[in-house]
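Worksheet for the structure shown next.
Just so it is clear, A, B, C and D label the chains in written order, and each chain counts residues from 1 on its own.
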């Protein structure tokens, strides 16, 4: 099943299970969303439950907050993660704060789904992985599942969670295939996943970089190298236990992400490791991320900006040889 | 001279020097700004140069971008840093990208000034230090001067810089006093400053935490401890050279900031140190920041959330004793 | 609308309470007992009391930074409000929210809001939830003339109109957004004139006449409750006080201020009651009672404890 | 407005060029030679050509995601545009910007913009700069019906009105924002009706009639240039093609599409020219020339090199 289908099925199952769940966003109706993720839902659930909005990101996100405060469970779609900046105020100053600042009197059980990342040639305003923009917002949970299985289990859990959860999908992941358990399948929102155990080093990654890192593992196998691939899955909170366990096991760390290197999730992960596992480190923690430049439209240029398999292989080699 | 006066004088000097410089923001006219920073400018320069806007943060920030593209040098004031989220789209998707994505054909010589931080009792939506929200935005320069002298030199340079520069001021710093050179005084936008040399450890800090760290230095002197206080001043780019130099000298690092700990500037600084100075570290890098919760309104509660002098002293002791 | 005598008396009492409450806050500020900042609604009490009197008790209220009138008109417990503003653990939000972030869902008070214009989408979303559930409740949101220039105003009213959501938008046009006169911030100077852009019905009422406010609000609410969709009600009012704690009010003339005191809503209501034959002494008594209530609440709150460090660091997530 | 014959012919030629350009792009897409996505303006060419013909050459243009018409009408070099879309180093932005982020300041083309509604504040700010400098230039911004629901529309038009900025807001109402019909997204369905909320003058013109567009734009521009402040011009138009590359257009009927082809702006202009006695062969020739130009540009651009890694990583800061 495609990643995009897994999202679709998770939505459909939750819409069926709980009448308080509804979706809102742009072109999510008969159009089925810019990436076809919501296809068929409008026909099945109608305009109340699949509510197509005008292009007003800030306010329809704020409306989700208001509806959630009254007990509904809105699932907002922001068509491209790049547009999240328009809606950030309501995430920062409302959604993330309400439960705490109103002292637990109200909660905000909403989900915001949005695809980050570069699909190839979409250019500066349609390609960004803005995961780190959200990291410093207390009160938000942030997850970035990388496989069809994960996204089904995570999205269903996110919808049932009583807190605002941002689910970062990825345009490059939508057409990826994988097995997905049928029916009820829930994953915790705060757990990393060791996708491929190894001994040489820990590669910590998430979202569209995960399949790349798995491919790197295959590529370096013949050299006798054996990295452990840890999918962070949850970016807030980070699953410290799993991260530290892997680091203590391997002693070497490479963090790979699609967000800009500077100020990325990798910075926080690296800082946590430096605080808690310094003694276990056999080499400096390495980070790979997008170059600190806007993402060019030209496909030929895009690849210089985003981490490629070769870049990861090179980093793995460097880290081994340190 | 007060910090707020230093800002005022920098603005006045630049407005006088260059007719292309103008200010826009809310209540910056005869009211003089929410913190009195622009007092007297309206009377001197009139409504064209001191342009008072409606409450429309997103659009007046975008207008500054447009005006800067045509060669003016707007200085935007966002009244509280918390409101920056409303204007983030134009910083992220326009200001930071234009020079690069249009391949150098256009530049955006604008400044955005905004006071972050808690003044005491302003509560969840009026107290945040959102420095890290901006860190992952390529194309922005971010500075956070901590003294009247610094803010004068930095703001004047920022206004003359051909790139978008975010100047983070601080409500708690406005009433602080210090000497300020008269007339032409420019500071580089990319340099940290060792405010007080020391030998024991490096305390890396910025904005309103700087005076606190200096006070800590005084407080621990009698114990015979001698931390080096490095004011980062520039958050993007970080002055790696100065940071690494201090770390190599002392071998121990404490980072102190007012932003939420998770995903803060400290994360990036710590990650850089772990990448480049691992061998020099005699102890894990420690970070202090705001607790990952919204900032409560109650003064009594606020102090539990933000780093206090005692917290810093405790951290210094821990780090020494490691 | 002519209120029955008792209703008008109740309104007057409530307005006195709000006024006394804020006067007490000013005192606490000057004594250094109250931190942070706070926005008084002195002069605008009739807006809050008029609209909320016209509303059902279970209509959801969404307020802004200037919310003391709204929450006291809704009948939140004085002492718990006072404690909240004084940052105490027995406040509505344990001292976390303060004046600009105060909610009391059991009173259908969804919350004050520190972001200008930030409450508009929230109210619109609350109305969506009410419609979704087939409720006859209405969401009522208060905002200022200044807030009407935020993009959220446009986006929210447009969506509410498209979907016929049960929301009453109440703009308290007090002529200024902080120091900025409405004519300089809001093209045309009248917020209700913007309604037609969204095909919304709108009305304007004299915000210093509590009966006029209630009448307009009643009509509007009836329409909204009937399923006709949202309504924009503009109340022309004035804040006698400064925008917030330290406002020297240099952006307007003393003459204007004096003229507006003549139209003070408490004074107008008082005159109405006197004309109806209520003795002055009874009205004085209401004022005194209000002051006493407020005094008692403050005294009690000042004794209340603060939350502990442990409590303060907990509760980010539900 | 009746154009002189040569002007109408020039307009027709320009519209043919835009059409041919996008048809070529579609071909390149299907051949896998063009990446990313791109939004065609097929059906809307008269809007771009009409407005820009009425404008001065040094009036600043601000465009949106659907900008090929605007930039070709302004006379940007075909080959440099083609190269930009093909991501080559000799494109206007060296391949960094592509379709949605393309600027050519030497042609007073400030840029296309990928954020719906994002160009509105930028144009308003450009107008502020023009006013500041005492220029007689005008800023002209193109946006869609969908964009009119963004907060930036409200905020920008309000400020432009307050300050009488020299900006012409041109809404190309093509009935849909992506798949969303204008009546479902924009209360009332007419963008120009929103102008009065900001005390702005507005006009509506038939966007498939290039002369009507030019006439309305001329009048509007004259007014703006005279210092009277901003103007909102709504052009009723239709995009025959899908929203972007892979749009199956299931949100509208084939009947509607066929009807709208009858009102295709190229067809209408062609008919006008025929009625004026221009021989069919001459018009065919213009079409052929356009196709040839486009073909030549594409061929040349497909040979052009890409920027290097080193170049790509440089130039974030001025």
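A few points about this structure:
Rule of thumb we're sticking to: contacts are C-beta pairs under 8 Å (C-beta built on N, C-alpha and C of every residue); 3 or more make two chains touch, one makes a residue touch a chain.
Since this is a predicted model, take the numbers as computed values, not measurements.
Listed by label, the chains touching subunit B and subunit C alike are A, D.
One inter-chain figure worth recording: subunit B and subunit D are separated by 40 Å, centre to centre, where each centre is the mean of the chain's CA atoms. Here the spacing of subunit C and subunit D, counted between their Cα centres, is 46 Å.
Subunit A and subunit B have centres, each the mean of its CA atoms, that are 29 Å apart.
In subunit D, the residues that touch at least two other chains are 96-97, 101, 113-115, 118, 149-152, 155, 158, 162, 184-186, 315-316. Residue positions of subunit B touching 2 or more other chains: 53-54, 56, 58-59, 82-83, 86, 89, 93, 97, 100-101, 123-125, 138-139, 292-294, 296-297. Contacts between chains leave no pair untouched here, as each chain touches all the others. The residues of subunit C lying in touch with subunit D in their complex are 149-155, 157-158, 161-162, 184-188, 193-194, 196-200. For subunit A in complex with subunit B, the residues that touch the partner chain are 58, 82-83, 85-86, 88-89, 91-93, 96-97, 100-101, 123-125, 130, 132-133, 135-139, 236, 259-260, 262-268, 270-271, 273-276, 278, 281, 283-287, 292-294, 296-297. Residues 35-37, 86-88, 94-101, 113-118, 146-147, 149-151, 177-180, 184-186, 250-251, 306-307, 309, 312-313, 315-316 of subunit C are the ones that touch subunit B when the two sit in their complex.
Contacts from subunit C toward subunit A in the complex involve residues 60, 62, 92-94, 96-97, 101-105, 110-111, 113-115, 118, 120-130, 132, 139, 151-152, 155-156, 158-159, 162-163, 315-318. Touching subunit D in their complex are the following residues of subunit A: 26-27, 29-31, 34, 52-56, 58-59, 82-83, 86, 120-126, 291-294, 296-301, 304-305.
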